Amino acid sequence: MRVSLFVTCLADQVWPSAAVGAVRVLRRVGCAVDFDERQTCCGQPAFNTGYRPEARALAQRFIEIFEAGAPDAIVSPSGSCTAMVRHYADLFEDDGWRARAKAVAERTYELSDFLVNRLGVEDVDATFAGRLTWHDACHGLRDLGLQREPRRLLRHVRGAELVELPNAESCCGFGGTFSLKHPEISVAMLDEKVDAIERAAVDAVVSGDASCLLQIGGRLSRRGSRVRALHLADVLAATA
Amino acid sequence: MTSPTFADAARDQILGSIRAHLAASASPAPVPPVPRPLSPPDGASNLLDRFTSQLEAVGAQWTLVRGEVEAARALRRILADAGAKRVAGSDATLVARLLPERLTDLSRDELFSCDAGVTTAQWGIAETGTLVLESARERSRLASLVPPVHVALLSTGAIVASLGDALARLDVASHAITLITGPSRTSDIELTLVVGVHGPQTVHVLLLEEGE
Amino acid sequence: MTFEADARAALSDVQLRGALRQAATLFAEKRRAAMATAPDWEGARDRARAIKDETLLHLDRYLEQFTANAERAGARTHWARDDAEACEIIGRIADQRGARTIVKSKSMATEEIHLNTALAGRGIEPIETDLGEYIIQLAGETPSHIVAPAIHKTRGQIAALFAEKLGIAPSDDAAALTAAARQALRRRFAEADLGISGVNFAVAETGTILILENEGNARLTTSLPHTHIALMGIEKVIPRFADLEVFLQLLPRSGTGQVLTAYQSLLTGVKRHPDDEGPDELHIVLLDNGRSRMLRAPVTRQSLACIRCGACLNVCPVYRQIGGHAYGSVYPGPIGAILTPQLIGIERAAHLPYASSLCGACRDVCPVKIDIPAVLLHLRAEAIAQRAGTSRFFERRAFRAYAAVMARPRLYEWVMRVARALHFTPPLRAWTKWRDLRPLAPRSFREEWRAGLGRETDPWSPL
């Protein structure tokens, strides 16, 4: 299985352990992983804020880069970026580009989706001692329909105790530029999430999107919490 | 009175706007609606049981009787228990027979001072505990609405399984068809349920067994 | 007041936030329980959406059929291009009938056209009879929720209001407060000569209008007075009488968690016989006010499928924090964020599509499967393309710079390397006031890849 890594600009620059972890886990389960250095950003920030021409240009770049080399799969450590690629066809009026967008989208997977649904793997030989809880990032949950996949993977991690977070599926309040345009509302939503995490008395909150982790982790540390924010790949790549 | 030209202009402009915007949109032909799934046929006894348990679930009361003598007695008892002295009746002949002393042809003020209203219902819907009143078959609209107690006489043979079944049997020769599911209610104050607002506070269904 | 200021005020209103949190929890529970009683919930949503799509694609035909059938049954139909015209029509009917006591049941469309304000200009004050609407009318406020208009008020506030306006002794008991309202309104019903209502559904096949409610005030409003005026948005029409079933399965469950509301009134024209009960005249006012424009594109057209259940408000994490008034529009919450800019123009409501984190919870619960996030994104793109709303001077330049950098991988890497070397932290006070900002990682992923990760046991590389 030849996988081309879709690193995402956020993981690349701010949370590289998520991408490094993803690469190691994919290799552990037998994939050959390559990384095309021409990639930059999928265009989600522009698209979500309403800057469609800019988003379209980046989408075209993405499609051209990932068509080349014809990997079996394009795998990303981000539900929201994967969802963006899945929606690429909507950006184009031209039938040619729509078809190319669809073709690339069909081969693009979020990490947990790829492992569990495409490879049929739930145990990636991970070891991580600690009490964990999972936060369902919105795009992964509602756009991609991922809910049981990350939980299945985490349950097989040796030493990890997974507790279910009440209202795990509530939005953390990030929403891209929303977190900056409406910071008080964003933080009000965030505090409900963080209150629930604190009540769960866990060592770490885990999620599949670095954007949520920035939001949640940033508030946890500001509130002096000892709870860490970890990416799914951080946990899955961990070994004894 | 509106000048016809003025009214037509608005209508023409709105319809024109609709047509223009639809024409400008390039949409594929719509998928035809998924056909309604058939509900399994219920045995008659199931229907009555279902209906009465739904009545209870929505806060309505019910009494099952056999024959008009029993019905008349039960009706009097229900009204007496409710402390109802002035009772408005619909124009149904059954109501006239069971309760000759009911009041009819009331002015609005008189109706507002009644303690109870007695009507029949043309249909009952088992899946929801709903009564259906058809204006073409009975003048029951106000007697079932204004007084704080509503007693509805319903034949068990007139209970249908579902909302769809009821809709299929209705005729818009009735200018007003009313579906009643339990007493009036509101949760507008702090989401606290209060039963009995503008419509009746008590709904009592007097079920007459079919075949009598 | 701006959205920012209103939202901030709402966030610091502890009482409001408590009420909203309680409401959200309660609505969620009730909705879940009600869905479980539906024979085929997902199938019903698909059917309802298919019916709405079919209707909207032939809206002109169905409206013509509806009005013809309504008129055949004795109703008068009127067409209103905008809110002013609708108010004019309704005001004129009220004047011509010499109406002195006008009762009104709950109708979001009448809020949309600001009917009460317009009628006040004619010296007419309709009395709101829905308990929630009655409360806010006494308080001089606007509704904060589509289905529960006074949800933002505590019973203490209502008790004080009733004590002042109705002269009753203040009571904490919801039943006592309701009884006081009932008594006050009963007198008005007894005198009412004109009733104004909304319309939940209008059936083209028969010319029937359907009104749902729990309190009984809509039945009283539409059966006692000699004249009834019903206001409906043109999107309320559905093709067939039998279609009502699926909508009655969805709306009460979605809106209030009930299997059915206490009353449905199906009204077809006027009474056939003078001795029958009901109004002598039924006037149906069909309102466009920007709706026909929304038919233009499939992504916006679906906004017209809305059946005004309020489920999206109940699950929205933003609404839960700030309530309805902060949206500053007649329709609040997710549906408000997409309807209002389309009804009044994006230039006047450019901020609303951005009052969302795009979480998608609304799309999950919408009984007619409106993809609200997709419409929000469409409206955001429109706001940018049309330069609607605030100036966005720095934002435009920022995104242009971002696009230019991301199109050039070597430039992107260089910029990030410089930022890293300078320990650059962006001056995002809006973030850092409440949250720590995670710094750039000491080494980016691509630096890790080049430093050795790329060569770890990798049998395949086309480059």
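Letters A, B and C name the chains as they come in the text, with residue numbers starting at 1 for each one.
The definition used in the following text is that contacts are C-beta pairs under 8 Å (C-beta built on N, C-alpha and C of every residue); 3 or more make two chains touch, one makes a residue touch a chain.
Just so it is clear, the model here is predicted, and its values are computed rather than measured.
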{"item": "Farthest-lying chain, centroid of Cα atoms versus that of subunit B", "value": "A"}
{"item": "Chain closest to the middle [Cα centroid of all protein chains]", "value": "C"}
{"item": "Distance from subunit C to subunit A - Cα centre to Cα centre, in angstrom", "value": "32"}
{"item": "Inter-chain centre distance, subunit B versus subunit C - centres from mean C-alpha coordinates, in Å", "value": "28"}
{"item": "Separation of subunit A from subunit B, taking each centre as the mean of its C-alpha atoms, in whole Å", "value": "53"}
{"item": "Set of subunit B residues in contact with two or more other chains", "value": "none"}
{"item": "In subunit C, residues with contacts to at least two other chains", "value": "none"}
{"item": "Sites on subunit A at which at least two other chains make contact", "value": "none"}
{"item": "Touching residues on subunit C, where the partner in the complex is subunit B", "value": "19, 22-23, 26, 39-40, 43, 46-47, 50-51, 53-54, 57, 59-60, 63-64, 73-74, 78-81, 85, 89, 92, 96, 129-132, 135, 148-151, 153-155, 158, 174-175, 177-179, 181-182, 185-186, 189-190, 206-208, 214-217, 219-220, 223-224, 234, 241-242, 244-246, 248-249, 256, 259-272, 275-278, 286, 288, 292-298, 301"}
{"item": "Of subunit A, residues touching subunit C in the complex", "value": "2, 7, 9, 11-17, 19-20, 23-24, 27, 32-41, 43, 45-52, 54, 57-58, 61, 69, 138-139, 142-143, 169-171, 173-190, 192, 214-215, 217-219, 221-222"}
{"item": "In the complex with subunit A, residue positions of subunit C that touch it", "value": "4, 7-8, 11, 17, 317-318, 321-322, 353-361, 363-364, 377, 380-385, 395, 399-400, 402-403, 405-407, 409, 412, 416, 428, 430-431, 433-441, 443-446, 448-449, 453-454, 456-463"}
{"item": "Residue numbers on subunit B that touch subunit C, as the complex places them", "value": "1-2, 7, 10-11, 13-15, 17-19, 21-22, 24-25, 27, 30-34, 36-37, 39, 58, 108-109, 112, 128, 130, 135-136, 139, 141-142, 145-146, 162-164, 167-168, 170, 172-192, 194, 196-200"}
